[in-house]
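Letters A, B, C, D and E mark the chains in the order given here, with residues in each chain numbered from 1 onward.
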Amino acid sequence: MPELLRIEGLSAGYGQAVVLQDIALTLPEGQTLALLGRNGAGKTTLIDTLAGATRQHAGTIHLGGVALHPLPAHQRAAAGIGWVPQERNIFASLTVHENLTAVARPARASAGTGEAAGTDAIAPARPRPWTPERVYDMFPRLAERKTHLGTQLSGGEQQMLAVGRALVLNPRLLLLDEPLEGLAPIIVQELLRAIRRITREEGLSAIIVEQHPQAILAISDHAAVLDRGRIVHTGSAATLRQQPGLLDGWLGVTR
Amino acid sequence: MTQTAAQPPTVLATRGLGKRFGGISATCDVTLELKKGARHALIGPNGAGKTTLINLLTGVLAPSEGTIVLDGQDITRLAPHQRVRRGMVRTFQINQLFDSLTPQETLALAVAQQQGLGGQWWRPLGARRAVMQRCEQLLEQFQLTSVMAQETRVLAYGKRRLLEIALALACAPRVLLLDEPVAGVPAGEREELLQTVAALPADVSVLLIEHDMDLVFRFASRMTVLVNGAVLTEGDPDSIARDPRVQAVYLGAAEQESAHA
Amino acid sequence: QDKPFKIGLILPMTGQQATTGRQIEAAAKLYMAQNGDTVAGRKVQLLVRDDTSLPDMTRRLAQELVVNDKVNVLAGMGITPSALATAPLATQSKTPLVVMSAATSSITEASPYVVRTSFTLPQVSVPLADWASGNGIKKVVTLVSDYGPGIDAEKYFSQRLSANGGQVTEALRVPLRSPDFAPFLQKVRDAKPDALFVFVPSGASAAVMKQFLERGLGKAGIRLIATGDVTEDDQLNAMGDGALGVVTSHHYSAAHPSPLNKQFVQAFEQANKGLRPNFMAVGGYDGMRVIYEALKTTRGVGDGDALLAAMKGQVFESPRGPVSIDAQTRDIVQNVYLRKVERVDGQLYNVEFDVIEGVKDPGKSR
Amino acid sequence: MEPRTPLSRERRWRWWEPVFWLLALAAPLVLPGQALIINTMAITALFALSLDLILGYAGIVSLGHAAFFGLGGYAAALFAKHVMPDPLVGLVVGMGAATLLGAVASLTILRGTDLTRLMVTLGVGLVLLELANRFDALTGGADGLQGVVLGPVLGRFEFDLSGRTAAWYSLSLLLLFFLLARRIVQSPFGATLKAIRDNRLRAMAIGIPVTLRLAQVYTLAAALAGAAGALHTQTTGFASLDLFEFHRSADVLLILVIGGVGWLYGGILGAAGLMLLQDRISSVTPQYWMFWIGLFLVLLVLIGRDRLLRPWTWFEGRNA
Amino acid sequence: MSRTPARAVDRCPCPLPAAAMLTLLFDGIAYGMLLFILALGLAVTMGLMHFVNLAHGAFAMAGGYITVLLMQRLDVPFLVCLPLAFAGPALLGGVLERTLYRPLYRKPHLDQVLFSIGLVFIAVAGADYFAGSTQQIMQLPEWLKGRTEWGSGAFMLGMGHYRLFIIALCAALTVGLQYLLARTRWGSRLRAAVDDQRVAAGLGIDVNLVFLSTFAIGSGLAGLGGALGAEMLGLDPSFPLKFMIHFLIVVAVGGTSSITGPLLAALLLGIADVAGKYYIPKLGAFIVYSLMIVILLWRPQGLFVRQGGRK
C-alpha cells in the first residue's frame, strides 16, 4: 500500500517551549493510527502541528509526497488535512450549516485545483465526495439543527459537527483529537464504525487520539505511544491490544 | 406518615416542565423527583436536553411551561441567585470560572456570598476568619493550595476542572447538579474526583449527568433516562441497564457488558 | 523695566473653531512683525494657548497665565462662553482682557476689565434690519445658531425690523451641533418670507449657503440677508457663484477700499501663504494695536488698571475704517457696512455699498 | 507568571503608597505655580476613579459618565449661586443629585452587549446635555452659568487666585474617596463585582444578585462622578454645557485606559500623565499637539502599557 | 422683552404639518443613506471582526479630502474622484492593517479604542497640517446642482439632484454588497476567522487574506462615504471626531449581523433627525438620542439581530 504520511525528525511546541522532540512516523494510505499517551504527553501538540497550529522547530512532514512543513496552516487543509481539534472549536457565530459550508471544498479527485499538484496521480477515485448533505446523512441530528448557531448545540452535537466539518474538506488524512469525548455510548459505537468504514472503503487515512485505548485500538491498524514528547513505541494495533500490560506501563493506570 | 421513615422526602421536583427553542422542544413535560440524599444520574443521548434541564432548574433559562418545586416551595419564577440561596447549586459542562481571579479569591468570594456577606463593603474579604478557614479547607481538599495565588486563566485544564467543582461545593449545596463533571479529566483521575462527590454528607442530594457509563453505574443509586427532551424511563441502575429501549437509544450493545463488568 | 511685557493669547487652535484661532494668531503676529516687539522699552512676548473652545479650559489657562506667567494682558477669546468664563478672573486679578472675537453684547458687562476689538451682533444686525425695511423686505424668517451671539442677532434684528413696520414670521434656532441645515431651510421655504436672515458661526456658514441654493430658496424668491459671518472672507471664494448678490452687514470686508486695508490684506496674505484675512483677523490686529498703544501711553509700566485706562477711549484708523473704544462700555465703536458679494478680478469679495458710521453696540444703549 | 498577593496580605499598604499621597498633598506647596493643573488633575483623577469602579471592577463600559459629572457640577453650581455658598454642602448636594440620576440610569445598563451599554450611556449623557441646553433659563444654555461664587472651605480657606486652596480641597477629597474605593474593592462586595465582570453566568450560579450589584455600583460611581463635577464647578466658579459633552466621557475613558483599568491608581496616574503631556505639548505647539498625543496613544498600545510606563522593565529579560 | 419674535412665532400659522412631508422624507432618506455608507465599514470591522476601529472616520475623511483636493487643485471630474476616494482609503486601510492593526486583533477592546483614537488624533492633526483647518467646500458639477420638483401644496416633492444621486448610488452599493455577502462564502469565512483564527486557518481559511480584504473594503467604503458626504456634512479636520457618534449609533441600533440592519437603522435615524429638526427644532439632536436609547433598551442587541435557530 502506498505511503501517505511521512514525518521525520519533527520537533515542535508553543512559543519558546519545545514539547515534541524528534518524532518520526509513517502511515500508509487508507490506514488508521491510534495515538496514545498520558495526559500532557503531547498528543494534541502532534495533531496540531500536523494541522499547522503550533510552532514547528525542526523536521519534515510529507503528505502523499507533498512537503507540508513549509506550508501555512490554511494551505495544509488544501493539501489534504482534515482536523478535528480537541476542544471542538465550533465557530460560535455561524450556524451549523455555515460551519460546514464556510470550510467545505470540492473533492480532490474531481476538481483539478492547482493546489498540491501531482497528488492526483496516487489518489484513488473516491466513491462519493463529502458534502454537507452527506454529513447530515451520517448525523441526522445535525440536519435538524441546521440553522442553529454553533453555541446553541449540545456538547455532543458540537462534537458531531466538528467531525463533519473536517470531512467536508474532503481530506486525505483525518486528524481526530479525542473525538469520542462527551458522546453518548451508542454514538461512540456508531462513530467508531463510521470511521472504520470511511478508512476502509474510501481510502481515507486517520490519526485518532483517545483516552480509552481499547476503544480505538479495536478499529486501528497501527498504534504509536507518546511519552513526554517522544515516541516510545510504534507497532500494530492488534499486538498492543493483546498486551494490556505493555500499555499500562506507558499509560499509567488504565482499565 | 409511616413511609417517611423508609423513604426520604423529596427535595426537588419538577412538574410538566417544558422548554421550546423556536420550533424545537428541548425539554418536554419532564416530571422528575430528587429525594433527599439521593445519588441520582441523568443520562440520555446527545442533545436529549440534559443540560437544558439543568439550566431550567437553576434559572439560567425560563421554562416555557411547568413548575419547579424545591422543599415544597414553587421556585419556578425565582432568579438564579435566589435558588442558590435556597441550596441549589450546579457545575457547568464547559468550565465557567472567573478568569482574572485566583482560586483563593474565587472560593473566598463564593464562601462569603454563601455566608450572606456578599453585600458588605467595609471589611476586607481576606479579614474574615470564617471565610478564610472554609476557603483553605476547600483548597486543600481539591489540591489547589499550590496554585491558589495564580490567575485562574493560566491554570492547567485539570486544575480548572477541579476549581469548577470546588466552587460549587463552596456554595454549601443541599442539592448539587453536576453536568459532566469529569469531562476532559484523564481516565485515571475520574474515579477519585467522583469519590469526593460521593463522600458529601448524606443529606446532600446529587444529580449527575455523565456519559462515562463505568462511572455512572458505580455512582448512581437511581437513574433517569432522557430522550428527545422527555423522560423515557426511571429506575435503579440494574433495570436501566437491562431496559432494551435504553439500550436501543443510548447504551448500544457494548456498554451493556461493561455495565455489568 | 527689563522684564518682558507678556500677552496671554488664548484661542481655539484645534477643533471646529480652529480657523478663528488661526486668523487671530496670524494677525497678532503680523502686527508684532510690523510694529516691532519692543514697546516703550519693554520686550513684548506673546504666549499662545489652545483652549479647544472649552470654557473651563480657557479659564484655567487664563488663571495659569496670570498666576504663573504673570501676563500683563489676557487676550483672544474665540467664543462667548470662554469670554464669560474668564471675565471674573480678569476682575479678580485686575488684568485687562482684550476680546478679539467673541461677539455677544453682554461680554463687556461681565467685567470692568474687558475691552472688545471685535464687534457685537446687535451692532451689525440693526443696520441690516434698516436696510431690509428700506428695500421692500417685509416678512422675514430668522435662522440663528442657538447660543448667545445668535440670540442677540435674532433679538435685535427683529426688534428693529418690527419697529420699521416689518415682521419676523418665524424665528428658527439651530442647535450649535447640527450637521444638516436642510430641515431648517425646508421650513424657511415653506414659510415663503421675503427674506431669510441668517447668523451662524464661522465654519457652518458655507453649509448654509450651499443648502440655501440647493433647496432653491433663491429661485423661490427668498432673499438671503445675513451678518458678515456667513460670507466670511476666507471662505467666500470656495462658496462659488451661488453666493453672488448676497447682502450682508458687517464691520469688515477684505475688500474695504482704504489704503490701510489694502496694505493689511497684502501683508497678511503674504505672511500666510495666500490666506485671506477675515473679520477675526482684523479683530486680533486691532486688539494688538490697542494693547501696544496702551503700553506706550503708560510708558511701559504694564499695571492692569493703568493699561485699562489707557485702552479706554482710544481712537484710531483700523483696516476696517475709523474705530474707537467707547470709554464707558469698553466696547468698540465702528462703521458698519452693507455689502454685496461681487466678483472682483475673478475673485469673490464682499463689496461695500453703504455705510452707517460710528455704530455703538445697541445692546448697551437701552 | 508570578503569583498574585494572597488575600490575607492584599489589604496592606505598599511602601510607596503613603509616599505617593504625601507627595501629592505636598505638591501645591512645592509647586505653587502648578496648583491649578494639580487641581484639575485631582478632579479628573476622581472622575476616572469613579469610572474605574464600574469599568475596571464591574466591567460596564460607559461613554456617558459625563452625565453624572455634569449633573453634579450644575447642581453644586446652582446651589452655590441660589442657596448657599458653602462648598462642602454644595458638594453633598451635587453628589446627591448625581446619585439619584445614577440610581435611575442604572436601569439602562443591566442588559445588552458592551456596545449597547456604550451607546445607551452615551445617549443618556447627550440627552442630559440637550436638556441643559433647553432649560437655558436655569443653566445659562450654551453660554454657560455665570456668577457662581463660593464661600471659604470649612469657613476658613478662601479660594485664591493661585488655586492652592482649590488644589488641596480637591486632593483631600480625592484621597478620601480613594480610601473609600479601596475599602470597597477589597470587600466581599468588591469581589462579587469582579466575579460579575469575569463571568456573569457563573456569578449568578453562586448566588450573587447580579442586577442588584450592578445597580449599586453604578449608583455609587455616579455619586463619585457627581462629586468630581461639583469640585470642578466649585473650583472654577463656572459651569458650562461641555460638562456633559461626549468628549469629556471619552477623555476620562482614555485616561483610565492609559493608566490601567481595574487598578485604583490607574485613573490617578492616567489623569496626571495625560494632562501633563497635553499641557506641555500644547503650550509648545498649540496647533498640532493632537498629533503627538495621538502618536503617544498608538505607541502606548503597540509597545504595551507595562513596558512604556515602567521603563525599568525595558532592561529586564522577559520572564516566562 | 423681545416681544416681536415671540408674538410673531405665535401668530405664525403653525407650519402645516404636511407641507413638505414628501420632501422631508426624501431628505431623510438621503441623509440616512449617507450615514449608512459611512457607517458600513465600521459595522463590518466592529460587528464582524470585533475590532473597535474608531479611526473609521479618519478613512472617511481621507476619502473626502482626496475628492475635494483633486477637484479643487487638479480639476479632476467628480465622477472620477469617487473611485479614487474608494481606492485611496482602501489601500491605506490595507497597508495599515498589515502593519499596525493586525497585532491588535487579539488585544482587549479598550486597547483598540486607545489605539484607534490615537490614529484619529494623528489624522486630525495631519489633515490640519496638510490641508488647513478651514471647511473645505466642494463644487459639485452642474448636473448635480439642480433640483426637481413635482406636485404642489401638501404633496410637493422637491428632490435635490445630488441627494438623488446619493440615494441611487448607495442603493446600488447595498445591493452589490448584499450579493457579496449572500452569494459568496466571504461573510461566513470572515466570521469563522474572527471566532477562532487558529482553527479557521487549520481548516483552510486564509485568515490574513480574509481580514486584509475585509478591512480594505471597509476603509474604502468609508472613503467613498466621506467623498459623498463632504458636500452635505462639511469637511474639516475634526470630521472623524464630529461624526464618530453618528456612526456608532447606526452600528449599535442596526445590529451587526447583516447589512440590512444598519441600513434600516441609518434610514430610521436619518428620517427621524430631519423630521425632528423640522417639526421640533428646539430639541435638536434630542430626538435621535432618545430614539436610540429607547430602541436599545427595547432590543439590547440592536434592532435587527439575527435570531439564530429561531426560524
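Assume a residue touches a chain if its C-beta (ideal position, glycine included) is under 8 Å from a C-beta of that chain, and two chains touch if they have at least 3 such contacts.
Composition by chain, UniProt nomenclature: A, B = ABC transporter related; D, E = Inner-membrane translocator.
None of the values given here were measured: they were computed from a predicted structure.
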Graph distance between subunit A and subunit C, where chains that touch are linked
2
In terms of mean CA position, the chain most removed from subunit E is B
Can you check which chain pair, C-D or B-D, has more C-beta pairs in contact?
B-D
From the C-alpha centres, identify the chain that is farthest from subunit A.
C
Go ahead and note the Å separation of the Cα centroids belonging to subunit C and subunit E.
34
Between subunit A and subunit B, tell me the centre distance in angstrom, where each centre is the average of that chain's C-alpha atoms.
33
In whole angstrom, the CA-centroid distance of subunit A from subunit E equals 45
Averaging C-alpha coordinates per chain, one finds the centres of subunit B and subunit C separated by a number of Å equal to 75
Where in subunit A do residues touch at least two different other chains?
145, 152
In subunit C, which residues are in touch with two or more of the other chains?
14, 18, 22, 146, 175
Touching two or more other chains, which residues of subunit E qualify?
124-125, 128, 282, 284-285, 309, 311
Across the complex, what residues on subunit C touch subunit E?
14-16, 18-19, 22, 142, 146, 154-155, 158-159, 161-162, 167-175, 177-180, 182-184, 186-187, 189-191, 203-204, 206-207, 210, 213-216, 234-235, 238-240, 275
Subunit A residues touching subunit B in their complex are 38-39, 141, 144-145, 152-157, 159-160, 181-190, 211-212, 252-255
Under the touch definition given earlier, write down the residues of subunit C that touch subunit D in their complex.
11, 13-14, 18, 21-22, 47-50, 54-56, 59-60, 63-64, 66-68, 80-81, 84-85, 87-89, 92-93, 104, 110, 146-148, 175-176
Interface with subunit D, subunit B side, in the complex: residues 58-60, 79-82, 84-85, 89-90, 92, 96-102, 104-106, 108-110, 112-114, 117-128, 131-132, 148-151, 154, 167, 170-171
Where on subunit E is subunit A touching in the complex?
185, 188-189, 191-192, 194-196, 198-207, 308-309, 311
